[in-house]
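Paired with subunit B in one complex and with subunit C in the other, subunit A is shared by the two complexes that follow.
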Partner chain A sequence: MNATLRWVRGGGLSTLLLLLPLLLVFGYFAWFPIGRAVVMSFQETNLVTDPAWVGLDNFRRVLEDPLFWTSVRNTFYFTGLALLFGYPVPLVLAVVMSELRRGRGLYSALAYLPVVVPPVVAVLLWRFFYDASQTGVFNTILGWAGLGPFSWIQDASSAMPSLVLQATWANAGATVLIYLAALTAVRGDLYDAAEVDGAGLWRKIWHVTLPQLRAILLITLILQVIATFQVFTEPYLMTNGGPQNATVTVLLQIYNYAFRFGDYGAATALSVLLALFLAVLSAVYFRLTRSWSTT
Partner chain B sequence: MSSTRRHLATVAAAAMALSLTAACGSDDDPAADGGGDGEGGDGVTISVSNLPPATEAATREAFLARVEEFEAANPGITIEPSEYEWDVTTFAAQLAGGTLPTTFEFPFTDGQAMIERGQLADITAEVEALPYADAFNPSVLQVAQDDAGAIYAVPTAAYGMGLHYNRALFEQAGLDPDAPPTSWDEVREYADAIAEATGQAGFAQMSQNNTGGWILTTLTYALGGRMEDGSGDDVTATLDNEGTQRALELLRQLRWEDDSMGDNFLFDWGTINQAFAAGQVGMYIGGSDVYNSLVTENSIDPDSYGLTVLPLDGPDAGVLGGGTIVGVRPDASDAEREAAVKWIDFFYMSKLTQQEAALADAEALVATDAPLGTPALPIFGAEQLAESDAWVADLVNVPLAQMMPFKDAILDQPLVPEPPVRAQDLYAELDAVVQAVLTDENADIAALLQTANDNVSSFVEAG
Partner chain C sequence: MSERSILSGFDRARTGTRWSLRAAQGLVLVALAVASLGPILWLARASISTTQDTLRTPMAFWPSGVDWANLSTAWNQAQISHYFANTVWVALGSWFVQLLIATTGGYVLSVLRPRYAPAVTAAVLATLFIPGVVVLVPLFLTVLDLPVVSASLLNTYWAVWLPAGANAFNVLLVKRFMDGLPRDVYEAARMDGAGPLRMLWSVVLPMSKPILGVVSIFAFLNAWKDFLWPQIVLPEPTLQPLSVRLPLIRDTVELDVFLAALLISMALPIVIFLVFQRLFLRGAGLGGAVKG
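Let's look at the complex of A and B:
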């Protein structure tokens, strides 16, 4: 009794009450659907009549689907390409922009502009740019240099790199701003000291900038990996998984199960598998990098 | 001081929490629940789909006038019209969320999957009570029936697949637009001529969102093949049949030998219509009712439009049919189901069976410049279709003369229904095959079909 009273007097009750709206909203709109999805992955349901428990059948069906491994391979390919090209680009842009004495605001705005364009508009615009005919926008420009015409998204081998190019253009801006903000926190005297020690630009970046950005770099890396593993908008709008399933990703496959074929069991089963994989990946990542991220 | 602040915070938080709970709770207020279960008191309330939007004032008014007329004739039934239009991606969620109307239209091609998933009400008893129940064309009614013959929806419009062509591009290529191709060799020849003369795609093919498989199945039927063999529980996949091989070979020749298919090979139904209406496609295969959409959604120039039948080649060659059916929510009560079928009978079927209703509907369509007279296939029989066509002949506003090559010949073509088992999954599998042939010059057609057949066999045999 005494302990309860102490808890109330100590502000425990008001804290709980203050938290309650947040907990209710978050619980209802975030945790409840997650819980429902996990339950649904063990059921067969048409969302109207009573669902039937089917054990692991949905998981078995998903894993036996020939498109499962294709979608996993494609997702890894997209993530790999996005890391290779998409991860360094914002960092390079941010470092270059931070070195500029004038017009930094303008360049930041320009870098951020693609983020402001609604993703659907941007993807449809790029689909237009990727027109495979001689008169397509990119093919015309490359034609001036005697290159092309390229098939872009009309060819199984170039479709995925084309999506990565668009995704990098669309998403780099937000990360540039994060890096720019982080760069302002790097103490100027460290650069001065490095300069006194005779360090050039590269050595300053390597020995001062990157170590100072270590924590933020590690966070953006895992965030990008998680985001790219869930890539959907680009393949859905640009190629719808084609040509020849070359751009079917795991999330597109989930969407197709649910909304093209009405198989909510398979859709939630694959969602659960993806969530588990990303959770394990994040845990391993943070364990491996724990010692690096402390500054 | 701090104690006062704590108390204030407690009160504020409690108020916020309460207001939130109240807000959440209002959703469950039975008084706010519109028509309830539709059985309150004496009458029943049902919602019906496809109320034309406010931008189409005349057809909307005509629709609402029909609603009033229905309610006057059926005092116990209240109709709530809804602008809902079929969308496969939102259907199940709307059904689960309770926002799907009691009756709704959807295409033939989705019927079997919805019946299998229990997403439609069994309305056999109600349909069999209709005076024309025995007069339905059996091959059309079949799309709304399960294996046991139970009826889950009512077919209201049917079409056959046809070859749409751009008369303006035909003329530019020196071809006679009144003499469309009558064999697949001629299709190839004409496509090549169009591509050569105009730089546009002479022939284009859908390949996305299951439409690649849908059109490949159409081509296969036209060349005498079938995608599935057998009936009932004994169905096997036959994707590697000779007709499909010939169909893919034809596409390969058009694409790689003649280079007459342009540069875009990722079309679906919406985008190919768009490209055709914009004059970028010489010929393509689609449902004979597509003209309606080309006018209302793509503002096609009517003078440039032409429609003919697909050339049939081989002893078993036939034409794939399609159309619109109207179903009822699976969770509708007995009274709602009965009211819904009465509405279907009144609103959809009377246009086909009664002159007065047919004229009223036609006048409303013409008043908003909506297309009237696009060739259709009979829901009942050829004579009945000719009779209902004659009732509204004076009001027809589509370029019917340019569609006569189709209208004159379609009733002589054998109509073949869609593959009976898991048609949409089969189409999805074939999308990738069509895309492979159109985007990879070295695609091995036999191997692609073998793989697709193995994949489809696993779920077709599972039922």
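Let's look at the complex of A and C:
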């Protein structure tokens, strides 16, 4: 009793009260749902009757779904293309921008502008740009050069690259600014030293700039992979998985299981599988890259 | 902060290098302007064009005149004003909850440091490593029927506001900033008899303004951009924000009005970005620093 009183007098109670909003919100909306996800993936949940344990049934149903491997393949394809488009471009932009003596604010603002456009607006706008007719916006522009018309999101083979192009437009600016911040932090005397050794521009970039950015390049790579594996808005609003399931992604599958078919068990089972995959991927990645990121 | 970059002053003095550098920078500026501004300017033009013009000659400048009426039709008839107000309300609430959790949480974990603080910090940090998608369905079921209090938040803005507060990134950003504040100020305040609340309000918060600005701007913007979660927890159309409503009104209004609605939906975030540019650009670099 005395100890409790001393704790209250010493400010222990007011400290706990101040922390209460965080504990409640994280408890209800982060920690509890994370635990519940694991439990639910082994249960049948239908909101009417009490959840029943079904062992590995949910996982079996997800893995036997003919769309499972399609969605996995598409998600890998999206991630791969997103890296191909979206990884080198911001780096080149940031290097050129870091050489600016004046006007860096203007360049940065222009680069970042697409990031503040709400994704739904951007996707719906690009969906219109991708109009496959002769008078579509992109087809008109390409028509000036005698190209096209292309079918963009209406064709199974060009749909995914079209989605990636839009996603890159929407997100590249954020990466540019991260690289730019890292570039301005590179110590000038390293370049001085390289010049004393007779290094030209390309050798300075290769032997000083890139090694100095190594840590940030490695971390943005894995973060980009994790983010692109959870792509949803683009395939949902641009193509809704079509044409011929060419843009069905894992997250679209999860959404459809839960909110179209009411199969919450399958949805959480697939979520847990995706999370496990990303966790293993990150662990392997950090293990592999640890040796070269410390230099 | 280095006073030089890859090219040295000597490099820059050489004519050949100077001109290649200028050419590269000019090229990048044009590319950025076309890629970033192009689609936005096109939308601005299309939202005051007739549907016919936009469909037949998408790259021409008003062959049959400017159609200002689209904007007012979208705002009034298509009820964009209503969904705009919903979006502002959603964003303001999310902003407030995020700021409340991040400041009180960061303050306790960084300044007051009770004995259990490291455990709470670790538990908050852990959620940063769980991909958001994992909790999508269980979070939805939690919102449908809150444990212990057994209330449903479905079709209330609390369903968007409260989960927005469970943002580990904000809490850790604020905590890390407060870790860097001079601790002797707290001791002085404590000597003067300031309690924990008083100290938060009149000592810690005023010193934390820079980081609270960054957290605020991203909290508001991210709430404005959010689509999937509001779509799941706000099935009632009259409550929905713009991002949820826009895909649905696409089929019910004319194309020119729809494009005007898109322009209105992106206007506020862009204005906020232009006004608070410095805060944004600093925050974006900061994001990388914390992640890295």
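The definition used in the following text is that the second predicted complex is superposed on the first by the 268 of 295 C-alpha atoms of A that agree within 3 Å, B and C clash if a C-alpha of one lies under 4 Å from a C-alpha of the other, contacts with A are read in each partner's own complex, and residues count from 1 in each chain.
Just so it is clear, contacts are C-beta pairs under 8 Å (C-beta built on N, C-alpha and C of every residue); 3 or more make two chains touch, one makes a residue touch a chain.
Just so it is clear, the structure is predicted and the values come from calculations on it, not from any experiment.
Of the two partner chains placed by superposition, A:Gly148 touches none, neither subunit B nor subunit C. With both structures placed on the common chain, the touch criterion links A:Gly262 to subunit B but leaves subunit C unconnected. In the superposed model, C is the one of subunit B and subunit C that contacts more residues of subunit A.
In the superposition on chain A, A:Pro161 makes contact with neither subunit B nor subunit C. When the shared chain is aligned, subunit B comes close enough to touch A:Gln244, but subunit C does not. In the superposed model, A:Ile226 makes contact with subunit C only, not with subunit B. Of the two partner chains placed by superposition, only subunit C is touched by A:Met97; subunit B is not.
By the touch criterion defined above, A:Thr49 lies against subunit B but remains apart from subunit C after alignment on the C-alpha atoms of chain A. Once chain A of one complex is fitted onto chain A of the other, the partner contacts of A:Pro211 are absent, as it touches neither subunit B nor subunit C.
Legend: residue contacts after superposition of the two complexes on their common chain; A:Leu18 is shown touching both subunit B and subunit C.
Contacts of subunit A with subunit B, set against its contacts with subunit C after fitting on chain A, overlap at residues 11, 14, 18, 21, 25, 28, 47, 136, 258-259, 264.
Interface of subunit B with subunit A (complex): residues 3, 6-7, 9-10, 12-14, 16-17, 20-21, 24, 88-93, 95-96, 113-114, 117-119, 207-210, 262-266, 268, 329-331, 424-425, 428, 431-432, 435-436, 438-440, 455, 458. The residues of subunit C lying in touch with subunit A in their complex are 1-8, 10-11, 17, 21, 24-25, 28-29, 32-33, 35-37, 39-40, 42-43, 55-59, 97, 100-101, 104-105, 107-109, 112, 114, 120, 123-124, 127, 129-142, 144, 146-147, 162-163, 165-166, 168, 171, 195-197, 200, 221, 224-225, 227-228, 232, 242-244, 246-247, 250, 259, 262, 265-266, 269-270, 272-274, 277, 280-281, 284-289, 291-292. Residues 9, 11, 13-14, 17-18, 20-21, 24-25, 28, 46-49, 64, 66, 131-133, 136, 151, 153-156, 239-240, 242-245, 256, 258-262, 264 of subunit A are the ones touching subunit B in the complex.
Of all the residues in subunit A, the ones that touch subunit C in their complex are 11-12, 14-16, 18-19, 21-23, 25-26, 28-34, 36-37, 40, 45, 47, 93, 95-100, 105-122, 124-126, 128-129, 135-137, 140-141, 169, 173-174, 177-189, 191-192, 195, 201, 204-205, 208-209, 215-216, 219-220, 223, 226, 229-230, 232-233, 237, 251, 254-255, 258-259, 264, 267-268, 271-272, 274-275, 278-279, 282.
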